[in-house]
Each structure stands twice: as C-alpha cells, then as structure tokens.
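Think of it as A, B and C in the order they're written, each chain with its own count starting at 1.
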Amino acid sequence: MFRRLPAHLGKISAIVAAATVLLTGCSPEYAVLNPVGPVGKTEEHLIILSAILVAIVVIPVLILLAIIVYRYRDKPGNRAPYSPEWVDSKTLEYVWWGIPIIIIAILGAFTAKTTFSLTKPPEANVKPITIQVISLNWKWLFEYPDQKIATVNYCEIPTGVPVQFELTSDAPMNSFWIPQLGGQEYTMPGMAMRLWLQADKPGKYNGYGANFTGAGFAHMNFQAVAVSQSDFNAWVKHVKTSSPVLTKAGYNELKKDGLAKEASYSAYPPGLFNGVVMQNGGQYMYGSQTPSNSNSTKNSSGNMSNMNMDMSNMNMGH
Amino acid sequence: MTTLAHNNVEHHHGAGDHVHVDYPERPIEYQTQDGALKILGFWVFLATDLILFACLFATFIVLRTHTDGGPTGKELFDVPIFTAETLILLTSSFTGGLATFEMHRGHRNRVIGWLIITALLGLSFVGLEVNEFVHMAMEGATMQRSAFLSAFFTLVGTHGCHVSLGILWMTGIIIQLFQRGITPITARKVYIVNMYWHFLDVVWVFLFTIVYLMGVM
Amino acid sequence: MNTVPHWGIFITEPMILGSDVMIVLTSVAIVFALTKFKKWGWLWREWLTTVDHKKIGIMYMIAALLMLFRGGVDAELMRTQLALPNLSFLDAEHYDEIFTTHGTIMILFMAMPFVFALFNIVVPLQIGARDVAFPYLNAISFWLFFFGAFLMNISFVIGGSPDAGWTSYPPLSELGFSNGPGQNYYLLALQISGIGSIATGINFLVTILKMRAPGMTLWRMPLFTWSVLATSILILFAFPALTIALALLLLDRTLGTHFFTMLHGGNPMMFINLFWIWGHPEVYIVILPAFGVFSEVISTFSRKATFGYGSMVFALVAISIVGFLTWVHHFFTMGAGADVNTFFAIATMVIAIPTGVKVFNWLFTMYRGRIRMTLPMMWAVAFIPCFAIGGATGVMLAVAPADYQYHNSYFLIAHFHQVLIGGTVFGMIAGMYYWWPKMFGFLLDERLGKWAFWFFNIGFYVCFLPQYALGLMGMTRRIYTYPAGLGWTVPNFISTIGAYLMGIGFLFIVWQVIYSVKYGERDVTGDPWDGRTLEWSLPSPAPHYNFATIPTIEGRDAWWMAKQGQLDKNAFLPKKSDIKPIHMPKNSGRPFILSICFFIIGIGLVFGVVPFDVIGGLGVAFCMFRRSFEYDTDYYIPVDEVIHTESALGRLQG
C-alpha cells in the first residue's frame, strides 16, 4: 500500500483542496475575488490569468509525476522500458526551457501593462476625491483636505468616484489594505505614497493594517463605507456640524500608543499631513516642496523610488 | 592547517615545527598546499569584505545629504589632513610591497624593516584619523548628531578599525619572522597581510573620493 | 481609548517559568549523566574540540533538529491561538515574540545548520578529499553558529524574546518602539552566527575548487556538490549585506546613531533594502542544496543518471545570479515606481524558468528508470507536487499588481511555507535519511519513517492549503487574534489540525531515530542504496581520514560505472603499497573558547554591560594571537595505522 501510492495521496489532497478553494472562491468571504471597484477587478483578472498560466505547467507536472512514478516502479515483472543510459535529449530540453519562457513572457507583458495602468486614476472622466491617511499606533486617521473633516478608523467614500489615498505614517510603517476595493500600499514615515481605489457599489468594506506594528496591530482594522454622492455630501455636512474639532493637542493624544474607537472631527489642524511627512524625513525626499497634492498623473503604487539614491530630483510638486 | 587531497608527496617527518614543502617549484608563499589554499581563501574573504564596504558606501551615499541641520562634510573635512592621510597610506602600501619583494629574495631583516616602516606609517594614519574624529566630536559633530554623521563615522571608522587590526596582525608576523625567519609558512603570512593591506588602500581610495573629495566640493 | 488586552498572561507566564524549570532540569540531568558515566573527557576530545568535517556535520544536524523542535513548538502555539476567533491562549506580546522567534529560528537556526550539516557530511566524501580546506575555521563556524543559536534561545527566559518579526523592520525595531533586550538578542545572535556562515561559504568554495580528487573535473562533479558550490557563492555575496544591516541597527540601538530612525535624517527603507539584498538570496541559499539532494536521491533510486546534467548545472548558476536581482519583490507595496516594480516582477518570474526546467529534468530522470520507494525517495517524490504548487503561487506573487492583494496576507504565508517546507525541509529530511547510514553506519527504520512521512505530508496540505484561502479572504499575517464572522474560522481550524498532524509526524521521526539506534538495520557494505557517487565507495561510517588513498576519477558517477563494470572497481580500494602517512589537522579547543568569548560579547551588548564586552573582546584577541603563533597544528597518521584500519574493514588490496 505504502509502496504503491507514495505521491498520490498528497497530490490528491492537494488537488481536492485547490478545487475547494476555487469552487468556493465566489462565496462572499473571498474578499479579493469579490472586488467592487475597477482597481480590485483589474487585479482579480490578473490573479485569474496568472493562475491559469501557471496551471498550464503545474497540471501536466502533477499528471506526469503520477504516471511516471507508477509506471517505472521497481517491481518484479514490470515490463516498462528501462534505459539507464538515456539521460539527454536536446529536443525535450528545448520544450521545457521554451514553454516556461513563453508563459513568463505573456505574464510579464500583462504585469508590466497593469503595473503602469494602476498608477493612473481608474476613472478618467470623474473628478477624484483625495483622502489623506496617517497610520498611528494603533489606529487610522483619515483627513479629507477638500471637505476639511477627519475621521478615525473609518472613512466614507462616494461610489463611482476615484479616490486618491495619500498615505503616511507617524509610527512604525503599516500597510493600508481594503481587499474588496483593491491592493494595498504601505504607510511609511517620511514618505507620502499614493494609492488609487474606487468603489462602484455602496457597502461597508473591511480595511486592514497589513504590516506588523507591535502589540495592538491585530486590532488595527477599519471600515471603508461607500455611499452615493448625495449620501456622502450629507455625511460630510453632518460631520461638519455635529463632530468635535481635532486640535494639535488632540492629535498628540491620538498619537499615543493604544487602540481607538471610530470617531469623526469637523476640522483638523491645517497642514497636519504634510507636517507629519516632513518631520519624519520627508524633507530629504521632497526638499522644500510639499509632498501632497502633487499632480494626479503620477500616482498609486507610487512614484517614489525606494532605492532612495537621489530623491531631490523627483518632481513631486505641482 | 589542512589535509592533503592528493597523496603524491613523500612524508618522512611528522609535522610540528618542520615545514613540509609540497610544491618546491612555486614561489615560497605557495610552496605548501595549505599556503596555497589559505591565499585563495583570503582572496575570497577580501571579496566578502569588499561587499561589506560596498554596503557601507551605499548607506553613506544615501544618507550623505541627511544632515538634519547639523554640520556638513564641507564644514568638517580638512583638506590638508585627509590629503596627508591618503599620502601616508599609499606610501605604506608601497613599503608593504617592498617587504614582499625582499621576502622573495630571502632577506629576512629587510622584510622585517619594511614591515616595521609599514606598520609605523599605518599607526600614523590611525593617529591622524583619531585626531580628526576627536576634533569633530569636540565641535559637536558626533555620530549621534545626524544620519550623515552616523554614516560617515561608521564607514571611515570601519576602515580605521581594519587598519588598526592590520597593524596588530603585522606586529605578530614581525615577531614570528624574528623567531623563525623566512619559511613557506611565515612567507605566506607576510604575503596575506600584504594582500590585506593593499586591499585597505584600495578601499581608502574610494573613501577619499566619495567621502572626502565629494564632501568638500 | 482601550489598551491591548492581556488575558493570556496567566497562561504564558507559567510557560516561561516552565521553560526555566525545564532548562535547569535538563542541564542538571546532562551534567549528572556526563559525570556519572565519566564522559566529560570524551565530550571534550571527540566533539567540542573536533575539526573533523563528519563530526561537525553531525553536530550541525543535531542542532538543526533541536531547533526544528523549538521552531515547531512555536508554530504549534501560534496555530493553537489561531484555531478559533478571539482565543486568549496567548496574548499579543507573547504571540509577537513567538512568531518572531519561529521565523528567525526556522530560517537561520534550523534551515541554515541543516544545510551546513549536509555540506559537511557529504562534500569532502563526494569529491575525494580528507577534510575541508580549513578544518579549524570550520570548527569556528560551527561554534559561532552554536553560540548564536544559544543566545537566541536564552532570550525567551532571560529578558524577553525579540518581537518585531524575523525581518525586524525599523522603525519598529528601533529604540522607542522596541526597548527591551529582545531586539538586541536578535541582532547579536544573527551577527555571531552570520560570521560563521560567511566562513563556511569561503571554506566550501575553496574546498570544492581546490580539493577535488584527480580526474574529478567540474563536469564530473555530483550535482549536490555543484549545488554547494553555487550556494557558497551566494553566501559570500549575500551575507555581508546582512552583517551591515544588523550592525547599523545595533549602532542605532546601542550608540544612538540615526541610520534607520524616523528622526534626525534616518532612513528605515535603507535597512529594508539591505535586509532583502541578503534575504532573497538567502532563500536560494537554503533551497539550492535541497535541489542538490533531490538530484542525488532521484537519480540513485531511479537507477539512472540525472537527466540533462548540463541543464541542471546551468539552472543552478542561473538561479544564483538572477536571485540577486529580485529583492524588491518583497516590497512592491512600498512605493517603488511602476518601472522598478515591473523590472523586479519580471526578474522574479524569470527564476521560475530554470526552476521549472529542474523539475522536468527530475521527472525525466525517473522516466524509464526503476523507481525504488525508499524513505529518501518518498520525500523527494513528495517534494515535486509540493514545490510545483509553491512555485506556481510564487509566480502569481511575482505579478506586482496581484501582489498588492497578496502582500502580507496568509496567501504569502502559505506560499513561502510551501516552498521552504516542501523544498528545504523535505530536501533536508531526504538528505538526512539518504546519508544517515554514511554518518552512523545504520539505516533508519522504514516503517516508522513511513508513518512520519504520511503524517507530515498530509498534515502539510491540511495546514497550508486553507491559508491560501485565508489570504484571499483578507487575513493578514502576524495578527494574534481575529474576530468571528469573517469566514476565517473554518479554514483556521482546519489549518491548526494540519499543524498538529505535522507535529505528530515530527515526533515519529524522533521515535524513528531512537528506535533505529537500537534496532535499525546495520550498513555493513558502505553502499546500502546502491549509490552512484564517491561517498558510497567508502565504509559506513567513513574512517577518520576518509580515503586511505585518493582514487582517480574517470567519469561522472564513477562509483556506479565501476559497479557496472565500465570502470575498474579496485581503483576505489586502497593498495597496501600505495598507502602513505596521512596528513591531518590536530583537534583544537580554541574554536569553542573563541566562540564563548563572542557569546560573552553578545551578552554584554544585549544588556549594555561593558565589562563583558571588554572581557569577551580580550578573549577573542587572545585566541586569535595564539592561533597566529601556533605552528604545531597538524600530524601524520602512520602507514601501519592506516593499513590496520583498512584491513580491519576488509578493503585492503595486495
């Protein structure tokens, strides 16, 4: 029994489990596979494309392995050919150097195209909204520079409108991730990074801090609430009229280690985001220019080389 | 000490103080198999050390403008001092080379003499560098002041530590030359310490250019 | 504002206390046993002072298995905590410490020594050498690793473990966010063992380049030795970057410099670049030797030479070179430009090409062979599907925009466990089974080994496949707990069951080893597997000097060819007239003492105790000076003794 089926059991369980993942993939828990906006959809398509392309190699390998291990087993009376001297075949080697090269070429082309396209706003004809995000230990602060309001641990966004998230950190680096809207981007001290996302369907979408920042990290979740433009406007108005003001002292209090509940503020200290970026090392990347509000064509997962060899010549201003 | 891969050499003696020659036709430092292996091993080590310095250089280049409002290279570096350091170190590399040259001619006392001169030049280099560091620190330019100064002191200091270690090492070899004369083993030691010394010279040329010259420009 | 809950404190504090008690009891037991059986001298003479590559290899392997146990316990604790939502088995602080030590130990103190164990045990025997190029340095490498690992492990009971992740990213790992000694432990443990790793790289590069038996050209070298050559070069180019990253972070923490701080001009990104310039090649450092093992095992148990030897060598070299051009894929999401991300994405995918070629070549080594399902072969065959899937998800991760969705999620966790366990661990276990008789002269029990195999393999898929699903559900790594209602509960629960099954598999291996010491089949031929390479021409275990006379090698897989009658088999046996005194290095206690001095420096730096640093530093200087002045370092084994040994083994010709 053991001698007969060495690899099979492992492989069968692998295939069954993989199939389970794929079949249940459409159930709503699979946030990445149930995107509600163009960025997430683009990434989902690429995920599916890459899965299919790698399957072209992996599935034949699994089948070949099963057949070979069974057919050439060392059993008395096994009549399968035995050719110990047959150890080289240029033709076969061309095949298995060639096929992966073609697959990687295809996948590489799609990767390049998408990587560049994600740096642009997902919707060209709609005026985007900007939200500035500061990750703190262990909570998320959102600022709406156009609406002049701020929130903690949740943000509201209008549906159908590209959202330009500007990300930084006033604590160890975290990563800003709302799987159903699209992929993540780090929040890093001294840098203002950009991420385009967009929701096309109203709803509450879970957001996560994806990079470990210490003891409270596991609780550093937030909600992205997508509502229609009119509801959004109403919400802004409500926050403006009914919420307290976030003062500089209030920010310093918020910055201290600890968890926080959802909160909203009708105003926040002007220039807070840029001040945080500059204070944590932004001066060496952006010189005297302001890191935020740069022109919107250079965006998303970033226009900042993290090689950091020479940041001074990067055109960040407008 | 190594074992023989090839068993084609006669062994009439036990080891110990007796030096067993595997390849009499080679230069003296390569005459034992162990010596040949160690020289190759040391070349490989120098490659790793070079990468180590390359990482420090990369760090310095990234951080050289990060002065945090503190002193810059232009304000700190003293042209005559670092020029003198450079000349001294280059000269010491030359005298070290002369030691190897005399070693191949079998002149023990001249080898010792040149090595002592090399070590003394190295010592004066280190002295100048320590003096430079102390002056900077007294002006408030410590390695805690800014990222630029952290990178400067670490890069230059790592080189200085290498030189200091080289001086100690060379002293040990000078004593062994006194005790044992030029044998394939002591010759290999002289050869390797010189490889190390020349390597430090090469690193200094980059330091001189990237840290000091570009710093004052 | 809430604070982080600490419910687990009552469970975990006894855990530390328990560990303290266990450590004291074990130490007392060991001291007692050594004294009672009068084994102190034996321990010192045979092990602590040895420079014999075979013994050093065995010590590396024992250490690696112990560390596999330690890292495995960490894993079981984490999986227990995550089995259900909102559990309070561990609190955040302890969970953070445990995942940090799990990663650090598994990569640096389990995978690395396991790889070095096989380097040491196999390479000199495979190339026809009597030891490595620098046996004394080899002993230093081992003891530096040992005391580095020791430093890492005592952190749990003295002062607190590191808790900033095995990647230790600043600013989290800087003062202000990680103030205790834990992070210092991490930095010094890695630094001390890292020096040893660089020395090992130098040692094996020179050994393979310069000490091959006559006739063994590079193109006749066994593929395992080729993999060690490629790995050594990777070590030499990668490890200095880690040395610098650790040293600069240590300077930040101990002297108050500003390399990676948030303020005063520091740049945390610089650490991340340096770390991964080492870190990515590091994964090839631990996987290439496993590839080497699979080449040997698959070829031996298919009774067929490795298919496409040239391609296999070329693939190894290609992987080592391209492996240095992929490090940014660890941080596609840190704001690199689209151009940079695209370059590194494609470079990463390119690695899949030579790797895929190797898989096909292994398949076609088995094709038209005669496959014997022994334990090493079972692990090698199990490796192929596991690694194929792991490699495939690796290509999926390399697609930069898709990585924005996978990064730091359980999809990533599943991927790298699949390649590191399916690749490195399966490879090391296969290698251990394969060369075990060569090390100890007996075989490991087949029946218990099969239990271990099935528990571990089924457990593996049960544990890690659900984690791919969790990643796609948005579960991020390094969270110590999660809320209910996200659909994460069932996959997490299944995953935990899988982890327990793997744990049972490991216990079977331990049982198997203990059982086989007494009952295992003795290997009297020296060639229990009908092997192909030079090590199988020697008795098991090989004599101290390995080869009484060095054979001349006239082909690839020369020993196999000799057994097939294509070469003269007697060429592999010593002739009385050819035996000459054998030049061997003397044992030395200094590598052990030197490493203790490094350990003392380490303790001094962890706790900021300057006298320790001074004492340790003087000790290191003293040891090095003594070495420089030492001329009596070697000796000759007389001819009579060699003849006596060889004739007792029944190998002597004429």
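Note that contacts are C-beta pairs under 8 Å (C-beta built on N, C-alpha and C of every residue); 3 or more make two chains touch, one makes a residue touch a chain.
Bear in mind the structure is a predicted one, so any value in this text is a computation, not a measurement.
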Chain whose Cα centroid lies at the greatest distance from that of chain A: B
Chain closest to the assembly centre - both centres taken as Cα means: C
Chain pair whose interface holds the most contacting C-beta pairs: A-C
Centroid spacing, where centroids are CA-atom means, of chain A and chain B in whole angstrom: 48
Cα-centroid distance, chain A relative to chain C, in whole angstrom: 32
Numbers and ranges of chain B residues touching at least 2 other chains: 62, 66
Residue numbers of chain C (touch at least two other chains): 263, 265-267, 270
Interface hub residues of chain A, defined as touching at least two other chains: 281, 284, 308
Chain A-facing residues of chain C, complex: 1-4, 92-93, 96, 163-165, 169-172, 177-178, 262-263, 265-270, 272-273, 302-311, 328, 331-338, 340-342, 345-346, 349-350, 352-353, 356-357, 359-361, 363-373, 377-378, 381-382, 384-386, 388-389, 391-393, 395-396, 398-409, 450, 454, 457-458, 460-462, 465-466, 468-469, 471-474, 476-482, 486-488
Chain B - residues contacting chain C, complex: 1-7, 10-11, 14-17, 20, 36-38, 40-41, 44-45, 47-49, 51-52, 54-56, 58-59, 62-63, 66-68, 143-148, 150-151, 153-154, 168-169, 172-173, 175-176, 180, 185, 189
Contact set on chain C toward chain B in their complex: 128-131, 133-136, 198, 201-203, 205-206, 209-214, 236-237, 239-241, 243-245, 248, 251-252, 255-259, 261, 263-267, 270, 274, 277, 545, 549-550, 578, 580-586, 621, 625, 628-629, 631-636
Residues of chain A touching chain C in the complex: 2-3, 6-7, 9-11, 13-14, 17-18, 20-21, 24-25, 27-33, 40, 42-44, 46-47, 50-51, 53-55, 57-58, 61-62, 64-65, 68-69, 72-74, 78, 80-89, 92-93, 96-97, 100-101, 104, 107-108, 110-112, 114-116, 118-119, 138, 171-173, 175, 177, 179, 182-186, 188-191, 193, 206, 208-219, 256, 258-261, 279-281, 284, 301-308
